[in-house]
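Both complexes below contain chain A, partnered by chain B and then by chain C.
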Partner chain A sequence: MGERVNKSIIIALVLAAILALLPFGLPRFYVYLIALIVTFGLVSTSLNFVLGFGGIYQFHHAVFYGVGAYGAAVTIMKLGWSPWIGFVVGPLTAAFLSLVMGIICIRLSKLYFGMLQISLGSLVWVTVYRWYGLTGGDDGIHGVTVPELIESPTGSYYFTMIVAALSLFIMYRILHAPFGSILQGIRDNAIRSQALGVNVRRHQLIALVIAGFFAGVAGVLFVVIDNSVFPDMMFWTLSLEVTIMALLGGWFTFMGPMLGAAIIVLLRTFVSTVTDYWALVLSVVLVLVILFLPEGVLGKVFEIWHQRHPEKSAQGE
Partner chain B sequence: MDALSAIWSPGLVCQVLLGLSRTVILFIVASGLSLILGVLRIPNIAHGSLYMIGAFMAYTVSRLFGGGIMGYWMAVLLAPLAVALLSFVAERGIFCRVYDREHIMLFLLTFAFSLMFGDLVKMAWGAEYRTVPMPSFFQGSIPILGLPFPIYNFFLLLIGPLVAIALYLLVNKTKMGKISRAAAVDREMVGGVGVNVSRVFCTVFVIGCLLAGLGGVLVAPIVNVSLGMDHTLIMEAFLIVIMGGLGNVWGALLGALIFGITQSLGILIWPQFGIVFPYAAVVVVLSFRPTGLLRSTW
Partner chain C sequence: MLLEVKNVRKSFGGFKAVNGASLDVEKGEIVAVIGPNGAGKTTLFNVITGVLKPNGGRVIFKGDDITGLPSHKTCKKGIARSFQIVNIFSRLTVFENVQIAVLTEQGRDLNLFTPSRKLAVEETNAILGSVGLIEKANSVCSSLSHGERKVLEIAIVLGGRPELLILDEPTAGMSPEETARCISLIQQLSAKYGLTILFCEHDMELVFSIAQRIMVMVRGSTILQADCATVRCNKAVQDAYLGEG
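Moving on, here comes the complex of A and B:
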């Protein structure tokens, strides 16, 4: 066990060193691309926090990503406050919205939860879409000011990496704390968890707020990378795309969504340089994954690894 | 009294009727979606794409037949059939293998299909928008309460009840409809008494998709037929189906009526946020009745 922990720390350090050095060797575009991958990966990981680990049908997760970004952009551009305050307001707004939507939806069972959640999410989207005075309507808000320190592509890259790493670390710790175990227990058998004295709804609600908060953090990261927000950030298609990322990488694995985000963003970027029909390629990949690899890429890797090393997997993750 | 007469002005009636004529399209598409959802339990996001394909097919067919009234009727006849054929291939090829998967997987699978259909439309018709000419037969307007009302929208208002009646007869009076209702409740049992459930499912799926195609053809003369016209519509159709009760065709009708009326009244009350009202209505309805207004077949 101890040996494995050491190994994973070394891997993480090496990965961090590589990512830290990347801006020195790579062209600007690729640096931007990696920051984008990490941002989408963070949205997808925060979704997987409630979907894969919590078993909650959060169909419209992009709403919190969008609200986080809008919260920051509106605070900076309309209120004229310091960007740093905006970066805090954004995720807090997303977490608050998540709390409100959670309180309304949480009493419902799985599927009906998802349906009410998607309706509420659409209501938020359409309001943002029409509220020209505050949100810029369908144009969105462009040229959002960010602090000088992180204005350059390299600066925004490092900011994204540090914030995302911190967010991932916190979510990872939460999932491996008692809270995470209870959450997964609720996913596997809610009735038994209740019988054991767990307050099921309160745990689910807290998980939703945490997931909403980190989706909002990802929204802020997008503002830092792109300096703009637009209503498509909370359109339902993005929610499904984020879900696809989680599925592709592997639901029940922590880093799966990040891998899925990398696959999709790279696929979109490079396939679309070759052909206009990148969505067609994505759809074929998706159909194949759903039919033949429902546990996702990383899920499959772990499965094979467990088969090869039964003695190690017996000790648990 | 003044306020009352202001509310019941002819302008308002016309506005509501105009809204209702658009509701007819929503109803036709949503009823197909609801049929598939109720019997096959597939939340078919690709339904919106089939609606879009129906509209593009209407463009092609009506041009093929010279664009006049003849072209229009041929489009109404042929375009839904083409959509039905496409859906038949998709059902036999993929969907019939995945009925028992988790809902979220089916969501993503049908989303994959909607991406695929979107790109296929881009290949076949290109990325720029098309217009289907309004046949001269439907041009102009008729007076309703002294105000001009477009003939085509009046025609749509007539089509809506016709489709509803046809669906009622299909679901309640035919053997196929009875079997499919039974299969919606317990498909294993229906299979057990010797019915070919797979064939029934396929038929229901194709009929549902045919309705999506029909909606696309009917909307074609009054909108720009373009890529992306499926995205908002499928969202609205889903909300209507959820609001009405999953799988309940009458629920789809009720949901579409609520959606359409709140939207047209909303535009009168507060033009900028008119489109927000129907979404708010859905949330209000679901907050009080999470399973929808009418009995769901789930």
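Moving on, here comes the complex of A and C:
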């Protein structure tokens, strides 16, 4: 087990070194694309925090991503406050919204939770879409000021990488602490957990707030990369895409959603240069995942690995 | 008196599932609840553990009125239960299953940052050892046999360090060998930890071999609570229950 931990630390360090050196060799567009992948990967990982590990069907997760971005943009552009304050306000707003929506939805189970969550999320979207005075309506807000330090493409790239890595690390720690173990217990069997003395609803609500917060962090990262926000960021189709990322990558693995985000974002970028029918391609991907990879790409990889090394298969991560 | 159930009633729509059930359990005793199918045994257990709110009557545990308290609170008071249908955490390992119970009992359920693998390891292994699942500690639960899952559920329940253990048909669906092992496990637990055990079961042999006292339920009502010999000889019980089987 110790060997495995050492190995994964080495892999992480090598990966970090490669990512740190990329801006020096790659054209600007690809640096932007990688930052985008990591941002979407963070949204998807935060969704998977409650979906794959919590068993909560949060169908409209992009709302918290959008609200995090808008929270930052509005604070900076409409209130004229420092961008750094905006970067904190965004995720906190998302976490607060997540708490409010969670309190309303949590009494419902599974699919009903998801349906009500979509409805409430769409309500937030409509509000943002219509409230020209505050949110700029369907135009959104453009040219959002960011601190000089991270204004350049390279600066925003490094900022994105560091914040995303930190967020992933915190979520990973939480999932491997008692809170996370019990969250997975609730996913597997809520009745059993309740009978053990776990306050199931409170536990799920806290998980939802954490997930909403980190989706909001991803929203801030998008503002840093793109300097703009627009209502599509919280439209339900984006939530669908984020969900597919998690399912495709492997929703019972921690890094699965990041892998799924890489596949989907790359696919979208290159498919869009060939055809307008991106949604069609996406739906085919979804069908293939459901039929052939019910546990996702990374889930499949682990499965094969465990079959080949049955003696080492202590725990899947 | 550890547990007193007084004239509990619970109906679903017009159907009176439990209609005047009474029961008392002394500390350290093994008490069985028997009755034909549909007598309301599981419903009674659900009322005691707070899964269901009764329409009337009282449940008193260690002198406190716990009637209608939700199940995560009755658990904190010291009542733990297993279910008729196996209820375990199927994607987690055997070790993690029991560890969750221990962590919750220790009040660490909201600990966000200490790695779980360092916590409650000894306690968890001790429980796995006492039920004979220690070799399977790192197996994922979905690979266990039905009998092992039932035993695992008892292990999970022990993780909560209960004073009163409620088992809903602990041997249902087990093979004869598994049943025999389960019986000796229950007797061991009672002897070793001084656990008070309340259980219901269809297997009469099992009931008479381990229960010290028996409560008989028919159509939702208690008709008798007494020691085994008295229950065996009672005319009403024979008519209502044993005669049919």
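Throughout what follows, the second predicted complex is superposed on the first by the 307 of 317 C-alpha atoms of A that agree within 3 Å, B and C clash if a C-alpha of one lies under 4 Å from a C-alpha of the other, contacts with A are read in each partner's own complex, and residues count from 1 in each chain.
Going forward, contacts are C-beta pairs under 8 Å (C-beta built on N, C-alpha and C of every residue); 3 or more make two chains touch, one makes a residue touch a chain.
Computed from a predicted model, the values in this text were never measured in an experiment.
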Check whether chain B or chain C contacts more residues of chain A in the superposed model. B
For A:F254, is the partner it touches chain B (first), chain C (second), both, or none of the two (neither)? neither
With the two structures laid over each other on chain A, which partner does A:T237 touch: chain B (first), chain C (second), both, or neither? first
Classify the contacts of A:F214 with the two partner chains as first (chain B alone), second (chain C alone), both, or neither. neither
Quick check for you: in the superposed arrangement, does A:L108 touch first (chain B), second (chain C), both or neither? first
Is A:Y70 touching anything from chain B or chain C once the two structures are fitted on A? First, second, both or neither. neither
Who does A:S122 touch here: chain B (first), chain C (second), both, or neither? first
Name the contact category of A:V287: first (chain B only), second (chain C only), both, or neither. first
Applying the touch criterion given at the start, work out whether A:Y277 contacts chain B, chain C, both or neither, answering first, second, both or neither. first
Interfacial residue positions of chain A with respect to chain C in the complex: 173-174, 176-182, 184-185, 187-189, 191-200, 203, 206, 252, 314-315
Residues of chain A touching chain B in the complex: 51, 57, 59, 104, 108, 111-112, 115-116, 118-120, 122-123, 126-127, 129-132, 235-237, 240, 243-244, 247, 276-277, 279-280, 282-284, 286-287, 290-291, 294
What residues of chain B sit close enough to touch chain A in their complex? 45, 94, 97-98, 101, 103-105, 107-109, 111-113, 115-116, 118-120, 122-123, 231, 235, 238-239, 242, 272-273, 275-276, 279-280, 282-283, 286-287, 290-291, 298
Any idea which chain C residues touch chain A in the complex? 49, 51, 70-73, 75-76, 80-81, 83, 87-93, 96-97, 99-101, 103-105, 108-117, 119, 138, 156, 159-160
